[in-house]
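All chains are identified by letter, namely A, B, C, D, E and F, in their written order; residue positions are counted from 1 within each chain.
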Amino acid sequence: MIYITRRERFNAAHRLFKPDFTDDQNLKLFGKCSNPNWHGHNYDLHVTIKGEVNPETGFLVNLSSLSSIIRKQVIDKLDHRNINLDVDFMQGKYASTEMLAISIWEQLEPEVKKLGALLHRIRVQESENNYVEFFG
Amino acid sequence: MIYITRRERFNAAHRLFKPDFTDDQNLKLFGKCSNPNWHGHNYDLHVTIKGEVNPETGFLVNLSSLSSIIRKQVIDKLDHRNINLDVDFMQGKYASTEMLAISIWEQLEPEVKKLGALLHRIRVQESENNYVEFFG
Amino acid sequence: MIYITRRERFNAAHRLFKPDFTDDQNLKLFGKCSNPNWHGHNYDLHVTIKGEVNPETGFLVNLSSLSSIIRKQVIDKLDHRNINLDVDFMQGKYASTEMLAISIWEQLEPEVKKLGALLHRIRVQESENNYVEFFG
Amino acid sequence: MIYITRRERFNAAHRLFKPDFTDDQNLKLFGKCSNPNWHGHNYDLHVTIKGEVNPETGFLVNLSSLSSIIRKQVIDKLDHRNINLDVDFMQGKYASTEMLAISIWEQLEPEVKKLGALLHRIRVQESENNYVEFFG
Amino acid sequence: MIYITRRERFNAAHRLFKPDFTDDQNLKLFGKCSNPNWHGHNYDLHVTIKGEVNPETGFLVNLSSLSSIIRKQVIDKLDHRNINLDVDFMQGKYASTEMLAISIWEQLEPEVKKLGALLHRIRVQESENNYVEFFG
Amino acid sequence: MIYITRRERFNAAHRLFKPDFTDDQNLKLFGKCSNPNWHGHNYDLHVTIKGEVNPETGFLVNLSSLSSIIRKQVIDKLDHRNINLDVDFMQGKYASTEMLAISIWEQLEPEVKKLGALLHRIRVQESENNYVEFFG
């Protein structure tokens, strides 16, 4: 069993808030992340897949196929977007790093299977000091 | 003459657009950076000052004083904010990295002088692939 | 189950040595790390916790609460200190990266539990070439 | 149980290709990585070992011993070399990151055991966007 | 006057050698960089241009135009190539980082002028420990 | 004229203090950097030299010669040492980053000249947030 990780990046705006809270209540719960006019990040996404090395090619999957899937399912929808407003697979969810990681897993898990590998881990890094990992 | 650089960081949302353009016109000129619902970045700010080493202390300026000035004049106004909507010193300007660098220079230049040093360079890094420098 | 990692940093002096060894014996066993006049590092600390996403907030724990705990229990005691001489929870122990990781685990494990999560991993990075991980 | 990771680096040329394929067939399967005149990378190698902390020394193994083993068994053979042509332990194999990770494991696993520890993970990073991990 | 830097990357093989030297003579002069079977690097290219901010757009040049020029004139010719054998603008030159920086300057200087800016600096980073800068 | 930068690293302990001050007075002036029991850093040293490319070799100087000089004149004296107590060229000086940069310049300037190049810049990075540059 071998594990391969591909990094992709996206830059997006977001806001943490409960829709039924006032701005003051949201400020108390989410701090400066609740700013009503949004803020944003350069997100690093690490997608780790696993499987057997193909003896005919020496690789697990073609990395450019993996990259294409990540771009189509995830990056094209998130990059230079507002996570709360613009992203179909984030509708009705908190735009937290935790929910991003879980939702990106759901976007990629069936597609990775079609490549002949298994999704192992989604890692979303929001800043140099914080990242979230989800293993399904 | 010695040069000291202090790095600070801020996370902000922004949008590149001309107010008298339609969304389509802005999209043509600014690309995906014109998304009407905003996007965002983790910005790295490098502030370089210059001057003589103080023989009584062995340093140019006290770095925590420099850091306080940067935080008060720049970071507290930009961090977790919308550059177009929330930042007093960016009103009526494009929220480009170029205009950020020039405007941050204006915010810091007189304050650095009060510390007994000269502002030498403002560097604003918007992503791992792009940064802007302004020398006054 | 979701995993969140918070990075904090501390700068400290230390020395590797056995108190009942001569300087020459320590030099032979620990190399240049045994310098009697100390040396030091910029340490990177990565604290990984795990648990369920809170459906009321979209996050596992409030990251600023986690950061506060790490600062109070660990960083304030280690930063700009001598690990051998100044740090209560390192008394009577080797000031190795291994012992740091284990001791930081002990400092944080009960506090993370009070936040409603579980400590998963302590990672202490001493240089760009070496790091230690402890999982309890 | 404690885990220690040592990073070493090597710069090497390689090519991905099937010897019984034409250049065009290889181009179709391996893309630009099949360039007949080779290309190359700065590889980062992370070697993670595990074991108990030695109560007599406060460390798992002497890191300079670990570094020596990695240099002798792996780096000296790969650094500033052509992976396909110059490296004894890569003969008859694809010069992929996957096969590198598996082959480096085989080079190091018995040597780490002699140090009194167990090899836990080999991680080979080919670029800032891709890395492979092998756990035996 | 404002300065903007764009980073691009390329992975390439090369060899340092004098064609009229024996392998032993080249080994003595260039060390392991003279390996006859080539070695390679992940190169980081930083292109810095300068000029006035366009008051109609808030930027110096459109960064995607700059990126396109760099890719067409430089990256497409170097990436996944052998610098000595495959690159038209390196023919008859040493494949050193110094000569790469000078040659990339020549490739880009007239094209940047067409964009309405001036080329200020080419920086080529061969490894985390070495880089070369050329200012024309 | 071409510029080449070589990075080397050293890990050292130090303390900022005036010998004729009490600990309290030093604490007031230098903050936590005055801890009487020392603290320490992983220092990054960037040495930039300049000159003409040698048409016989394609390089400015042999980088391994430059690295040897830096190691002999600077790194071997600073690495795993106490800057205040152990380093001959820092005696009687403040162990500040500013004084380090100036003193390292003095150590290297004549030696670089012997290599046939000119020293252009010393950059000493004390942490990811601070660095000092000296140009002679």
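The rule is short, and it goes like this: a contact is a pair of C-beta atoms (placed from the backbone, for glycine too) under 8 Å apart; a residue touches a chain by one contact, two chains touch by 3 or more.
Quick caveat, the model's predicted, so the values are computed rather than measured.
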Quiz item: Can you list every chain in contact with both chain B and chain C?
Solution: A, F
Quiz item: For the homomeric pair chain E and chain F, should the interface be classed as same or different, according to whether the shared residue numbers exceed half of all numbers used?
Solution: different
Practice problem: Name the chain whose C-alpha centroid is farthest from the C-alpha centroid of chain F. | Solution: A
Quiz item: Which one of the chains is farthest from chain E, going by Cα centres?
Solution: C
Self-check item: Where chain A and chain E are represented by their mean Cα positions, the distance between them in whole Å
Solution: 33
Quiz item: Using mean CA coordinates as chain centres, what's the chain C-chain E distance in Å?
Solution: 41
Exercise. Provide the C-alpha centroid distance between chain C and chain F, rounded to the nearest whole angstrom.
Key: 28
Exercise. Send over the residues of chain F in touch with two or more other chains.
Key: 128
Quiz item: Touching pairs of chains, which are they?
Solution: A-B, A-C, A-D, B-E, B-F, C-D, C-F, D-E, E-F
Self-check item: For the chain E and chain F complex, residues of the former touching the latter
Solution: 16, 18, 29-31, 93-99, 101-102, 128-135
Quiz item: Where on chain F does chain E make contact in their complex?
Solution: 1-8, 48, 53, 56-60, 62-64
Exercise. Provide the residue numbers of chain D that touch chain E in the complex, in ascending order.
Key: 9, 11-14, 32-33, 35, 37-42, 79-82, 85-86, 127-128
